[in-house]
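First subunit A sits with subunit B, and in the next complex the same chain sits with subunit C.
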Partner chain A sequence: MTGVSTLLSVHDVDVHYGQICAVRGASLDVAEGEVVTLIGANGAGKSSLINAICRLRPCGEGHIRFRGQDLRALRADELPGLGLVQVPEGRRVFGRLTVMENLRLGAFCRKAARDELETDLAAVLDLFPRLAERRDQAAGTLSGGEQQMLAIGRGLMAKPAMLLLDEPSMGLAPRIIDVIYGAIAAIAAKGVSLLIVEQNAFLALELARRAFVMEAGTITLSGPAASLVDDERVRAAYLG
Partner chain B sequence: MTPGASPVTRSSGEIPDRAAAAGGNHGAGMDVGKAAALHIALADWRRRSTWVDMVMLALRVSLLVLVSAGLLLSLAHNEYSAADWLSFAVFGLTLGSIYALISLGYTMVYGVLRMINFAHGDVFMAGAFGALIVADPLIATGSLFAVLALIAVGAATSAAIAALIERVAYRPFRHRGTLAPLICAIGVSFVLQYTVRGFFGTGSRAYHDIPVLDGVVILGPLQVPLVQLFVILAALLAMGALHLLVQHTRLGASMRAVAEDRETAALMGINADRVVTFTFLIGGVMAGTAGVLYALVFKQIHAFMGFAIGIKGFAAAVLGGIGNIPGAMVGGFVLGLAESFGPAALLSGFGIPAPYQLKDAIAYGLLVIILIFRPQGIFGERLAVKRM
Partner chain C sequence: MVRDMRGAAPHSLVLKAGLIGGLVGVYVVAVGVFAAFAARPVVAQSLSLGQIMLLSIALTVGWSAADARQGRSGGLAAAALAGVLAGLVYAGVLLMAREAKLQAMFVALTPAALNTGLFGRTGLAALVAAALIAGLAALGGGLVRQMPAPARRTLLAVAIAVLVGALLRDLWISFFANLLGGRWWVSTIYTGNGLSWTGTGVAVAAGLAWQALRMLGRREAGARSTSLIGIALLLAAAILIPYFTNAFVAQVMLLVGLYALMGTGLNIELGLAGLLDLGFVAFFAIGAYVTALLTADSPLAIAHLSFWEALPIATLCAAAGGFVFGLPVLRVRGDYLALATLGLGEIVRLLVVSDMSAPVIGGAQGIVGIPRPDLAGTPMVSQLSLYYLTLVLTCLVALAGWRLQHSPVGRAWAAAREDEDVAATLGIDLVRSKLRAYVLGAAFAGVAGALFATTLGSIFPQSFKLDVSINVLALLVVGGLGSLPGVFVGSLILIGLPEFLREFGEYRYLFYGFLLILVMRVRPQGLWPDPLQARTS
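Right, the complex of A and B next:
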């Protein structure tokens, strides 16, 4: 990775829920323009780590830096303005708001001119034409796949330098997963850094350059995605 | 909280009830004898329901009987003319406008924080008194513009007080998960009441007469006090503005987002504390407007009026389905109309002397009745349970 600057760096982070320790001593890093995946079984602590990065959960010692800035001094709502945006697990679209309202809220952190926002909206609707058909529908009435498209589109409206995608394929049919991963690849191709959290790791490993494996709250393996695909343990646990 | 949680448990008895009724209809259409199908459905319902469901059903039936009897007897009595009924309607809308404006503050705060601001009635009262301070010189100018300025002062007073209350009394306790905010609300309520009493005394106060609003408008057989029409119009304008703000601005969208999912709203860069402050501000604007309008119609205000009227506003919010903005507006009007029609329409038939004395009994009776039939309120959703 020489010559490429580190965008996100997480070092020795713990996350606790009361007495329960969900993440212990986790470290990872993502470079500018890089695609990285964090894989692990259900309950391994992936979401907890992502939420600690986004300041939705307090974390213990250690540091979380984005472009060198310590995020631990900031509130969750200050991060999108810096270019760090999470697309949360389970999509979490605003069900009573329309598709367009959801997308516009994605740009809440920006002080962009109207034309610029309209251009970006058009780009998102171009990426997910299904959303254009449903633009004035309440987001709660969309199918799971459409809600995932909306959640990603909403994240893109913030013009992020980096997207954290928490299980974007969760609960979706294989055909829809292909559509979603096609869009994710297109986003990566535009130079947005990605940290993709997945349980079903095959597509994520295919797209990512590097991968981290999390087990029971600790990161147990890391390395180039291509070598992890061939790793016996990873194959057994996550690729079936 | 209880208003959200109770509907789900209580309404469970209704589902087998309806299913059984539907089954009965279905059976009737087929070859199976109608009576037999009905018998099976009834047995099925009996098996599935508890004694609570039976009591609720008995309650519903007896309420329906009582209300219809009162209505029919009153109509048979024929004590009131058509013009009387129309003037009841206009007065009910006037009262309803005021309740609706107040209930918006309860419902918006509940929507965003899942908390009842029990000091809101006193925020309403403070608006009326805030305007009283500047009332004399303003009214002396004699223009309609002065009345609007009066409303603006009342609205600003209430908005400032509501936002201040949130900042000093609620925010520090918000994440503690205790009854502290409730106790604080009651404390704040007393502070407001006794502060106003300290400055303005215990007795009733009033704005001077406002000549521009003094006349009556003659609509056919009906003489409507101009001030009532003014109040209805002003309230409708305020609610229209609120609707535009909530539905068609970025700020409004961020408010709805926080109400729905606070964490995800934060991920969009929405500062929930700002949204909460804003919610209290506009709730205060509506309450302060209501305070001045109330003073214009009833021509007397006092330091302790916020409690009873605040409870009515809260009742209107519950009636409409707490957390639901259009619901609060409709709930306010329903309550106002019930209070103005109810005594004549339901009580006079039973030969009760001076039925208007019982208007509060009607208003709260209506609240109980609606909640018995529709625990989640008129516009409320079954899913009123906390989503977090």
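Right, the complex of A and C next:
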């Protein structure tokens, strides 16, 4: 715990799917401006935990606080207004809308003036020049990497204090992953807190300051990312 | 077109296409469609609608049999063979039917119908004639399939132009007689009920010109300006055609306009927000009854307002109905919503006919004596003026729909339609967003209901049945979900065309059904799709 500057704190959270317990007693925290990664194998419960934080899944015990406010009393659509925005797994962009429409939807939660929105749009298109080339194209016709860029850009349009990135490298070619992670690093450099959920542990550990390792629904390891890269168990399980 | 046959081996494909085609031909004759359509000449007294129907069956047989895997000539041979087979099956069964005197079972199998169906021949001559004609038509179908796409499209445009020119004869005569100020040309273009050879030439030229314009437009201008030109043409036709024709056309167009108005409302719910609402007629009924109660010269009336004063109240009442009903049901997802709204439609209809509500809203007797709207002190009595009122209101509603579609509200609908979870994580309140679409759709249905009441002058519960909801849904799908010009085109074709084809009696609904299937099969994105949706679906 980093005391007063803690942005997101998750304490002792359970997530159930009927009888099946996907997450048990998970706790993690992210400080203001910090990059944290949650790594774990497929099916470890990472996405369930993220969805519980975003209020897309009900959770049992424990508390989830963002800037001290208990998220469990809120609905999913109230979170972006607080500055907590999810970039969903599997690049879920709105395929039948154009790139620009997708981006503008990201700003739905803001009551921003027109010029301000245009400035932010320009900033996102600056970060991802590929999107600028495809601005009036239906998002469903983009390549996988471009869709991931769009999903991240859409999240940025909400002007988040914190982004939850769910598997940003999933299913992408290494060259594209480098581009995506370059952009993520640039976002972090601007002071946006990040919680990156990854199977691709190496990249995430390189960028993050701290890391949590999830196995079979529980968080089994946590600590500075640099020390986890060297941890035998992590190496054996995720880095090969 | 017949995709499920593609996997079959060539010879079984020929067999299948031939048998099915022959039996479809027999069916068409046996149920009487052929007889009804054979009485309608299309080209120069020598080609009737019935014959065209049989020929297109043979054409389809050839199309299906001409499998690409057999190469060019192999495909053509297969097509011709399948056509010959279809012709033999067709003529063989009909010849047997003539011998067996089946008229007791199939009333439509009159000797006269059989005679026309068999080209006035008997025995072997009939078999040979049918096999020859079907074989040639099927060969044509095979050729069409092997044509490059632009040629095929041109051919289709020409065929449609000839059919539209012949079948909507009265409409064209009335339109051009008023436009040109005379009927001297009628006997050149038409002979009897069908086109003359000159008229056919004119129709072919019109089809070619239309196709050339379309191709030119697609090449020279971007998709956006093409669709703008298209909308301008559509609007010009909507304004001019009823003006230059007659009261019947204006009356049909009034109905088309009313359905287009409702379609625009349902388009917001279904096309933009993805809410499958089968109880749409309920809000149409609310709008109509509120208008009737507020304006009618009847003992049931509760006020004597003018139409213009009643219209906003009726709209608000329909919107309020949408809000009250939408609040509980919009929490359910997908298919359940369709069922819940279906229930609402039935509830409203049963309430309206029930004895309980009869003292208030007239029960089965309905409400009569609803005045026409006034324009500058004079009541709008002509069908044409009422049509223009409908057109203006439809355009206003369409404009509102278009503005909404491209606003944050419309984008939120689209987002929730595509992916509810992601939409929520972007800050979109799903229930609120859906409720907004539902209430707006209900309000627009209320406007249509108010217009319906004032144009008919009296309303009865039978007018507010489930088929209204289904018709509106069907015209949206045929026109292209989410597309505003599509709403007009769908309404024109599904609501207007059957009215213009009244001479075919109940068979005109055959057009309706056939068109629905054809559009879903060949152009599932609709006749005039939203450009973006067309590209990704």
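The rule we apply is simple: the second predicted complex is superposed on the first by the 236 of 240 C-alpha atoms of A that agree within 3 Å, B and C clash if a C-alpha of one lies under 4 Å from a C-alpha of the other, contacts with A are read in each partner's own complex, and residues count from 1 in each chain.
Assume a residue touches a chain if its C-beta (ideal position, glycine included) is under 8 Å from a C-beta of that chain, and two chains touch if they have at least 3 such contacts.
Here the structure is a predicted model, which means the values were calculated and not measured.
Following the overlay on subunit A, a clash is recorded for the pair subunit B and subunit C.
Looking at the shared chain after the overlay, A:141 reaches subunit C, while subunit B stays out of its contact range.
Look at A:175: by the touch rule set out above, it reaches neither subunit B nor subunit C.
Mapped onto the common chain A, subunit C and subunit B collide along 40-48, the only clashing stretch among 40-48, 94-102, 112-120 or 220-228. Shared interface residues of subunit A, touching subunit B in one complex and subunit C in the other, are 54, 56, 75-81, 85-86, 88, 92, 94-97, 101, 104-106, 108-109, 154, 158. Within the complex formed with subunit C, the subunit A residues making contact are 54, 56, 75-81, 85-86, 88, 92, 94-98, 101, 104-106, 108-109, 138, 140-141, 154, 158.
Against subunit A, in their complex, subunit B makes its touches with residues 250, 253-254, 256-257, 260-261, 263-272. Contact residues on subunit C toward subunit A in their complex (touch as defined above): 408, 411-412, 414-415, 418-419, 421-430, 532-533, 535-537.
Only residues 54, 56, 75-81, 85-86, 88, 92, 94-97, 101, 104-106, 108-109, 154, 158 of subunit A touch subunit B when the two sit together in their complex.
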